[in-house]
Amino acid sequence: MRSTLKAALAALATVAFTSGGTFGDGHSLTGNLKIFLDTSNPAPRATMEAMIGRFQEMHPDLEIDVTVIDREEYKTQIRNFLSANPPDVANWYAANRMRPYVEAGLFEDVSDLWQDPEIAANLASTKGALTIDGKQWGVPYTYYQWGVYYRKDIYEELGLSEAADWEQFVANCQAILDSGRKCFTIGTKFLWTAGGWFDYLNMRTNGFDFHMSLAAGDVSWEDDRVRQTFANWRQLIDMGAFIDNHQTYSWQEALPFIVNGEAVHYLMGNFAVAPLRDAGLTDDQIDFYQFPVINSAVLLAEDAPTDTFHIPANAENKEAARAFLKFVVSEDEQTEINNGSNLGQLPVNAKSSVDDDKFLREGFAMLSTNSPGGVAQFWDRDAPAEMAKVSMEGFQEFMVKPDDLDRILSRLERARQRIYN
Amino acid sequence: MFPTPIERTSRAWQLTYRMLLPAALIMWLLPLIAVAIFSIKPAADFTTGNYWGWPSAFEGFTNYGKVFFESDMPRYLLNSVFITLPTVAGAVILSSMTGFALGIYRFRANILIFFMFVAGNFVPFQILMVPVRDLTLQLGLYNTITGLVLFHVAFQTGFCTLFMRNFIRALPFELIEAARVEGVNEFRIFWFVVLPLMKPAIAALAVLIFTFIWNDYFWAVVLTQGVETQPVTAGITSFNAQYRAAYHLMSAGSIIAALPPVLMFFLMQRHFIAGLTLGAVK
Amino acid sequence: MSRTDMPLIGRQSSWLRRNQIALAPWLFLTPVVLFFLFYVIFPIFQSFNVSLYEWDGLGPRKYVGFRNYEYLYWEFVDRDAFFVSLKNNVLWLVLYLLAIPAGLLIALFLNQTVAGIRLYKSLFFFPFVISQVVVGLVFTWFYDPTFGLLNSLLGVFGLGPVNVLGDENLVTYGIVLAGLWPQTAYCMILYLTGLNAVDPEQIEAGRLDGAKGVRMLWYVIVPQLRPATFIAFVVTIIGALRSFDFIAVMTQGGPFGSSRVLAFYMFEVALSEYGFRMGYGAAIAVTLFAIMVVFIAYFLWSMYREERGY
């Protein structure tokens, strides 16, 4: 939704904010700063508006104009506004998801920001995800872990414990099925949820580097290692581990199954915690663990999608935009916007503190100490758009019709040969 | 009259018919009735699985109130109005000109131009999508109501011309000849002789185009983005993305989005049907 | 409005006056024709042109000749997305035509003069004026595997549950059925108008010849409904080929692409979340256009015949 925030900003500016405001270039910025955001859900929206309010307070002469667009629509509209109606700052996603715009020359090269010693030192872990052709094209502002969210109370009822390896994972699942529940809820109508499953199964089966080569189009989809990933997946499918009719549900429509205890796990990003809590589950009922080891010969690797800010190449006030990007990644802002009452995610600045929420703490520990193989963005951000689309459709089809794997893989292989050429 | 009028049939069949009528109607409108019921249910009914039972409470006011006061629906509705009305006006004005020119005058290119409009009207939207989107971007009209209206007017002119021209053809040509003998110039003939006779056609077209444009989804998605410009058809999908799984609100939103053309239809039924069925009788 | 109103200034104006009947249509037509050419006709040719390029809609275009059509050909041969879309388009075309007999049936049912029949007619008709987006939503819930009315009804008979929109073999039928609902209403209203104009003398003559029921319908009534049938046919075909809204709202082409039609597939590859293939999309649109041209030509041809008789 679009709205001019001037009134709200003026109100906010009168509220003293003490912890921020130390970050600045010394001289005040002027002119207009047009910001486009996709944070249309209420909590992220309020967070962003408050953050911009604090930036406004530091630069009272700057006219800030914020436009919030529906998150789903934003994904198709960014290509239009970047060329037709560019703002000065726009948010987006890292890795291959930004490649079309980088290659079309629509994003500004912000490598200069990354030269700043503070940023270079504190944001080093996400630099790779923002780099294309040796240059950086934006800054991150938040990231979050993925993992196995589960009903702790049902685990206790059945006497199960968090699975550390695949055998236990499968055994747990069998016990759950025997109790008349489904193991996993999932809604694959919009495909990407199946991409998350593929990420984990493939990274655990073949390792991070193989996974990245596959995303980069260097490995055949008909390779035996890929087949092994699908064989593992199939083990769960054949058990009947996933809820029925998942192809008709969105990820939100799949939530009631875990809320009502009809399914026990949800492989999801940390953003699933908020709706689970809203639906009435307490922290005693939901917990989280790292996706278990499948092949002990490969290092553990995780999905941690990074959301980003960019400056469109045709922006008018790039000076203010750069100042804004620096402000966003600053230590205090990162602590503030990612805390539990705001985004409820992880800060990208190494000096920032992670909020004292059990999911955030565990997630942060997992990503920083127990993901030696590497950190992936997410399948639809690591693979090029077209390949992501075709393959996720294949994953969905495989989940419904596992017998058709050969046909699906040969289709993906054909797509690979066309897309990466 | 066919089939045999009911009054002339057996008593038993007459009774059956009278009972069949409402039963058939309920069957026919069943999906819609379901949505109407959804829209007055409280949220609790959906979490407790009471989908088809009696609503546990009447929450119609709350649900519709939420749609009107706590969402962007009013803005989307307003956008729809701002898109629809100028399009109706534009298409009707332009097509009365073309309809007049093609219906009254005999010249060599007449049939060709007429067929161009007719053929253009049946073209699949998709073949226009990429170029029209580019064109709109280049004109700086992307994501503006003006951009959407301009295209709608151009496209609808095809259909409206077909309609107007056939209507004018059926007017008594002697009137025009008489005016010409009087020495009335052609523009005055258009304005004072033909236009007044076209009133029913204009009314019929206006309600038809209103409905078509109000219900357009494809071009709204291709040429606009966001709550500032998008009509309610596109708005309802964002609304639903926001309230996914909140079926009571989605139902209320859908009903509100669908209502204006329905009202238009019931108020202007005669014109509407006259417009739709033009040519259905010889 | 009298002769004295006419200005008589100089030669030019009298030339204008003498030729005004020849000129007037052009004055009326030129601006509109240009407008229409600009927005509707030229874009058709531009689409042909774009289909010869590889273009992501952002950067420069690359000329690739007919390669996009080659991809389509291979997708067809491999029974991939394009094949599925084409197959579904055929399915839509055939099944959508059921709206015509269904509409006639309801029209016959409602063509009576009992009290309140006008209201019945309106209520039967009004699904047509509801936007396809809303109809699509309504039917999505109707089919929902957990709480949909359809499964609740099937449950009463001990059947189901069926996940219509999640089953690759049912999904297109499910969507077409949603589409048939308003389309049948439209055909119904065409036939109601047509039935009104049926010549009563011919019916009486038929009755005297002993024609009744279906025979009467087929030999006496249907031939007289030809104009209504023609319009119903044209409108239904065009509607079937344009089907986009239902698919976009109900399934987004899924599950795994099995409910795509050309119109949706085109949008998907060119402008959807992961779609950046403008040239390829244009090639699909050109194919769809080629199919549609057959029907447009048929329509223009029958209009032309009528015109000559006029």
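Order of writing sets the labels: A, B and C. Residues in every chain begin at 1.
Assume a residue touches a chain if its C-beta (ideal position, glycine included) is under 8 Å from a C-beta of that chain, and two chains touch if they have at least 3 such contacts.
Please read all numbers here as calculations on a predicted model, not as lab measurements.
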Touch-based graph of the chains, sorted into line, ring, star, complete or other: complete
A-C compared against B-C, more contacting pairs: B-C
Distance from chain C to chain A - Cα centre to Cα centre, in angstrom: 41
Inter-chain centre distance, chain B versus chain C - centres from mean C-alpha coordinates, in Å: 14
Per-residue overlap in chain C, given as positions that touch at least 2 other chains: 57, 271
Residues of chain A touching at least two other chains: 72, 76, 83
Chain C-facing residues of chain A, complex: 72, 75-76, 79, 82-83, 100-101, 103-106, 188-191, 244-245, 247-248, 380, 385-386, 388-389, 393-394, 396-397, 400, 411, 414, 418
Contacting residues of chain C [partner chain A, same complex]: 56-59, 71, 74, 78, 80, 144-146, 163, 165-166, 168, 251-252, 254-257, 271-277
Residues of chain B defined as touching chain A within the complex: 47, 72, 137, 140, 142-143, 225-228, 238, 241-242, 244-245
Partner chain B, residues of chain C touching it in the complex: 1-3, 5-6, 17, 20-22, 24-26, 28-29, 32-33, 35-36, 38-44, 46-47, 50, 57, 108-109, 111-114, 120, 122-127, 129-134, 137-139, 141-142, 147, 149, 152, 181, 186, 189-191, 193-198, 200, 203, 216-217, 220-221, 227-228, 231, 234, 238, 241-242, 244-245, 248-249, 262-263, 266-267, 270-271, 278, 281-282, 284-286, 288-289, 292, 295-296, 299-300, 303-304, 307, 310
Of chain A, residues touching chain B in the complex: 1-2, 40-41, 67, 69-73, 76-77, 80-81, 83-85, 250, 252-253, 255-256
